[in-house]
Amino acid sequence: MSPEGLAFLALGAVAVITALAALLVRELVHTIMWIASFFVALSGLYFLLQASFLGVLQLGVYAGAVTILLLFGIMVTRRRIFSREAATGLSLTSLFLALLVIVLLAAVASDLAGASNSTTIHSYAVVDLSSALFGPYGGWLLLLGLVMLSALSGAIYLVREGRE
Amino acid sequence: MSDPITTASFLGLSGALLGIGLFGILTRRNFILLLIAIEIAINAAVLNFVYFAAFASTPASGLNGQSAAVVLVGLAATEIAVGLAIVLALNRLRGSINVTEATSLRL
Amino acid sequence: MFPALSFLLLTLLVGTVLTFLSGRWARWVALGSSMLFLLEVSGLLSGFSWPGVSASGVPQYAYAESYPWISLPWLHISYTVGVDGISLPLLLLTAILQLVTVLYSFDERRQPAAYFGLVLLTCLGCAGVFLALDVLLFFLFWELVLIPMFFLIGYWGGLRRRYAALKFFVYTHVGSIVMLVALLVTAFYSHAPSFDFAGMYVPAQALGVTTQALLFAAMLFGFGIKFPIVPFHTWLPDAHVEAPTGGSVLLAGLLLKLGGYGLIRWGLELLPTGLVHDQPLLYAVAFASIIWGSVIALAQRDLKRLVAYSSINHMGIVLLAIAVDSNLGLLAAVLLMFAHGVVSALLFMVSGSMHHTFGSRDIATVHGITPRTPVLSTMMMVGALASLGLPALISFPAEFSALLATWDRLGYWVLVPLLLLVVTAAFYLWMMQRVLFGPTEGVPETARDLPWPEALAMSMLVALTVLYGILPGLLTNVIIHSPVYGLP
Amino acid sequence: MWQATYLFDWAFLLPLLPALSFVIVGLLGPRLKRLEHGGWVAVGFGFATMVIGVWIAVEEMLSSGGYTDQQYTWFSIPGNGTGTFPNGFSLVVGTLVDPISALMLIVVTVVGFLVLLYSIGYMHHDGGLPRYYAELSLFLAAMNGLVLSDNLLEFFLFWELVGVCSYFLIGFYYEKPSAASAAKEAFLVTRVGDILFLLGIFVYFATYATSGSAGGWAANGFPFVQGNQPFLAGAMGGHSTTLTIAGLLILGGAAGKSAQFPLHVWLPDAMEGPTTVSALIHAATMVAAGVYLLAVASLFLGFTPADQLAIVAIGGFTSFFAATMALVNTDIKRVIAYSTISQLGYMVLAVGAGFAMVGLYHLFTHAFFKALLFLAAGSVIHAVGTQDLFKMGGLGKSMRITGFAFLVGGLSLSGIVPFAGFWSKDDLLASVYGTLATHPVYWPFFLMALATVFLTAYYIFRAFFLAFSGPASRDPTLPTAHEASWVMTGPLLALSGLAMGAGLLPFIPAFASLLPGAGIPPHYGLSELALSGISLGLAAGGIGLAYSLWGNGKVYTAAPNSALGPVRALLLRRYYFKDAYDAIGLRGLYGLSRAADFVERYMIDGTVHGLERAFGGLSNRLRHIESGVVLDYAAFLVSGLLFLLLFLLVIAPWLVSTGGI
């Protein structure tokens, strides 16, 4: 087994475990820790796939910014929230639904087993990606910017003072 | 043991992550946990993009996948921002961030 | 070539928009626009020459225009318009009825701009239906008719107007959905190269018997609700009774014709085999409508309701004439639609005038009006006699041809519509006996004979009734220029 | 130099001139006060029509049986080489002047003109005169058109038009509910006949269109003549069942128009109209149109023996049946109306027995003496203001001309030699008698007709004696009667002359050419003379009985408990036919209609409203699914995704494997 294979197995296992843990632990603050680990594990997977820019982006945006934001949200609502997920926890129906999705997706995946015989991983220079982003995908990027802008103003509107 | 880096294994991984995300979405009532579950599901999708970008038939088409992933990451971040704003507003209005209590959507 | 039909639609559209915008001058704008419309249609009539069927067996149309509208690899929708002998008389009817409706309602006080605008919009939609030769364009105009009529009933109508308007809308809308589905299935299932009539003509006719029969039955339902056919007719009496007079006139005179026209144009022409296969169903429905409409009319006290039910009876005869599928029958169907358009318009105007002259349309309470309102009485008499099929008036040649065609196909079954003619005569005569004759009762002192706009509008219809009754050739010579008559 | 055909080409003026008069009087009548509200205009046009009509008839006599046909296409469909009408189809209107239509022209235009003239005096005091003269002119136009029709369709067209004129004129006094009701009744009952007639046209049409020579009927509508030959009976030889049905349907139409049993009920009620209208429309012309139709049909279309029997039966029975009802009636106009039905029965009988021309002969004489009787009765009504015979009396002294006219009419109707009625009725009875040897089944109907001679003489002289004999009127409140002006007595005298002399006209060969057929002019052999003697004896007996019971101002009253009482009641109730029809119409049809209305409101609409409620309730339940909880929506979302996945992975492959797609 190649080192990449080992790394994949390890990172994949970490991702699954941390994701589950993030949703199942009682303490909300622990959740943040687990989800941060999950983001890092995914970032590792991206590096493994030689998508270094995305890996960095994942680290920066998710493991950094999003985690901080979530933490911030918990802190602000701290006083009133239950620190634990006090409600029912597992709903059997939901669990069943989710498992069914997993099974079916796995079935799709097994259908596709061996679909890709290529073992060469494309690696891209950040320059390539950026020229793609500002070239053919410029419109998308612009759109993203607009979405972000409107989301920003929306968020500000939502949290502004004096709103009953 | 053969090389575990195959399409099936990556798809299985992202499928499992999506399932975990969905599970969270369906069961968690804490709004923040809901957001986290959504993030897990989105990341499962991004993982797919990155994987197929890496094993695309041509380098150019691989760039497509990575670009989409970048846009997705951006969107997810935006979503978190708006989501948290909603959390704050909900917290202030209702004194609770239990999503099952916010039912004014109903007719 | 000058795009005459597009010009016509454009002037109609401009006239409608101007009417909506012109406030208290609306009636004059509407009148001018209607006159222009009639003038244009007269021009079309005088220059009408039908190009016939092309060498490849595809029908062609006079004044035809076609421009691509939506063009995708799998979807070709075009703006295609044209007329032949079937649509041109109905277009003429539209122009006539628009003019007389505007004239009749000339003194409308409630929101005149909106009222006249909606009347013109309804007629625009009807004209579009008669002109359109593309499924989607046809459907567009078809639905366009629905909206102004909904508002005409719902705003200017009688006491139960909301109920009536909603019933009208729901019924006809259900019909149009089924119709659209049937048309689309015809287009897709036959792999027609485009959605226009000429493109669908040959492929649709090549469809299998079962397919055609099913599609035709669906179209019978879709178009039949407009007809209306029993038992999907109950929207009609309510809509007529509650609608303002102008609305009733357009409803009976034009909207019912849309069903008949659609069934001929898109049903019979595209799916001839289906029609033949569905003939037993068609006969059953037609007979049911003829019997039901006539028998129920006898029990009505409200004049408008009575006329509404007699419309069901007459449109049943139209359906019968279409169902027998012979060139005489189709001639009769179009002629009868025209005749019914004129006569029912006259009768609904009479009902409307009766209502605002005597404050009631109840034939059981208003008696002996002739000495007080001779003009109104004369109009009522001519209308009733024309409707019961008196020779020298417009319905006779049409009904005669229809019945002859029925005899030709069905033999002694023709006794059913024939005997119901007696019942039709009975309820009209009874109505006249009660309302026109006998000692004067239930007539308020203030009752005055018709104001001039109403008298003028009705006189025009009476003149047409007599003119086409004596010289039906004026119409039939136009009608026969259509592919359904199988002419060379 | 006048060409013989010159005026034939102008035959279209005959319907056109009165139609013009209709338009002029109808539009300008109210302004023409000095011209009797347009009355004189109508009279003028009527006179012009009479001149042209008689002229054409004379020309026709001189042309000895020629046919002149002018056709105009009404509307047509070109043929397409296939289908039922391969050569296309055209409906024509035309004017056909042939012997019998010329004969009818004399009747229609002469009586029409005389009645119009008489109306100037008779109607003078009535309101609504423009309407009256306009409608009467329209009637004349339609009647002329009917007489000149050259095909069945055109015949039907004018047939309906005279019907509607009759409707309007019966309802002339529309303020009277009885008049309005009678008008409706007349229209409806004849409408039933019209429907049968129309179906008869269809049957003939279809049969001929399939069996006739190419380009025949289908291409030319429904013509009576093909060239100069009656043609259809031969052409339809092989279709006896169909022909029988068609003949019966034509008989139905004729029965409606000519008030034959069982569609006779409307004619007595039609007496609600002005007497002039009764004279013209309901005695001389329109009601005779049914007989004319039968005659035309027998000549050009042909009847099968079964048809003939039916026609004979209807005619013979009606003549007797109507005469019985006239025996007891107290209304002077209704007595004459029943006699009209009875006489029309004679004509129908003759046509059915195969003597169409003899039937028309009687139609011709009957038109004059019956119009005379009505106008004389009108003169009486005009003078005394009542129609009740039992209030009148002694009018013979104060109204000598009228009394004379009524007497002439009565004698003619009774068939007393040498008045017009004698010749035609005698010819008719003799002709029918001649067929008894070969058709013994006609015997009962012949005997009924013979008995009717007695009844006729009795009831018309009963009316005569009641009105004119005796010292004075029985009701002292009646005004003193006196003769009206020349416009009324003039037509009476003219018609009296015709009622005396018209019967002899067929002995002139030129005139006889208008009635080309067996029995014209009458032939008097030994058996005919014997039959004449019998019928003269019967008529004289009837007159004698009437005189003994009612003469010199007597009023016969039967013993209170005699058997005549219930019979009289039955006759006065008209054998309950009208009551039965009212029951069918009112209770039957109207009840059915009410029931249907109930079904409509509560079952058809009820179903719709039920559906509406069902869907409303369903949606009321379903909306609770919308809990507003975001997580529930998410669950729906996931379920949708699951469904799609299941479909793609499980259902679709399964469908493909089973060949479902």
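Structural remarks
For clarity, chains are labelled A, B, C and D in written order, and residue numbers in each chain start from 1.
Note that in this section a contact is a pair of C-beta atoms (placed from the backbone, for glycine too) under 8 Å apart; a residue touches a chain by one contact, two chains touch by 3 or more.
Just so it is clear, the model here is predicted, and its values are computed rather than measured.
With centres taken as mean C-alpha coordinates, the chain found closest to the middle of all protein C-alpha atoms is C.
The chain with its Cα centre farthest from the Cα centre of subunit D is A.
Between C-D and B-D, more C-beta contact pairs join the chains of C-D.
Remark: subunit C and subunit D have CA centroids separated by 35 Å (rounded to whole angstrom).
Between the Cα centres of subunit B and subunit D there is a gap of 92 Å.
Averaged C-alpha coordinates give centres for subunit A and subunit D that are 98 Å from one another. Annotation: 6 Å between the Cα-based centres of subunit A and subunit B.
Within subunit B, contacts with two or more other chains are made by residues 22, 26, 29, 100. Shown for subunit C are the residues that touch two or more other chains, of which there are none.
Of all residues in subunit A, those that touch two or more other chains are 93-94, 97-98, 101, 105, 108. In summary, the structure contains touching chain pairs A-B, A-D, B-D, C-D.
Every residue of subunit A that touches subunit D in the complex is listed here, in rising order: 93-94, 97-98, 100-101, 104-105, 107-108. Interface of subunit D with subunit C (complex): residues 73-78, 80, 82-85, 89, 91, 153, 156-158, 160-161, 164, 167, 171, 174-177, 179-181, 183-184, 187-188, 191-192, 195, 198-199, 202-203, 205-206, 585, 589-590, 592-594, 596-597, 600, 604-605, 608.
By the touch criterion given at the top, residues 22, 25-26, 29, 34, 99-100, 102-107 of subunit B touch subunit D in their complex. Here subunit B touches subunit A in the complex through residues 1, 3-9, 11-24, 26-30, 32-33, 35-37, 39-40, 43, 46-47, 50-51, 53-57, 59, 62-64, 66-67, 69-71, 73-82, 84-89, 91-93, 95-98, 100, going by the rule given at the top. By the touch criterion given at the top, residues 623, 626-631, 634-635, 638 of subunit D touch subunit B in their complex.
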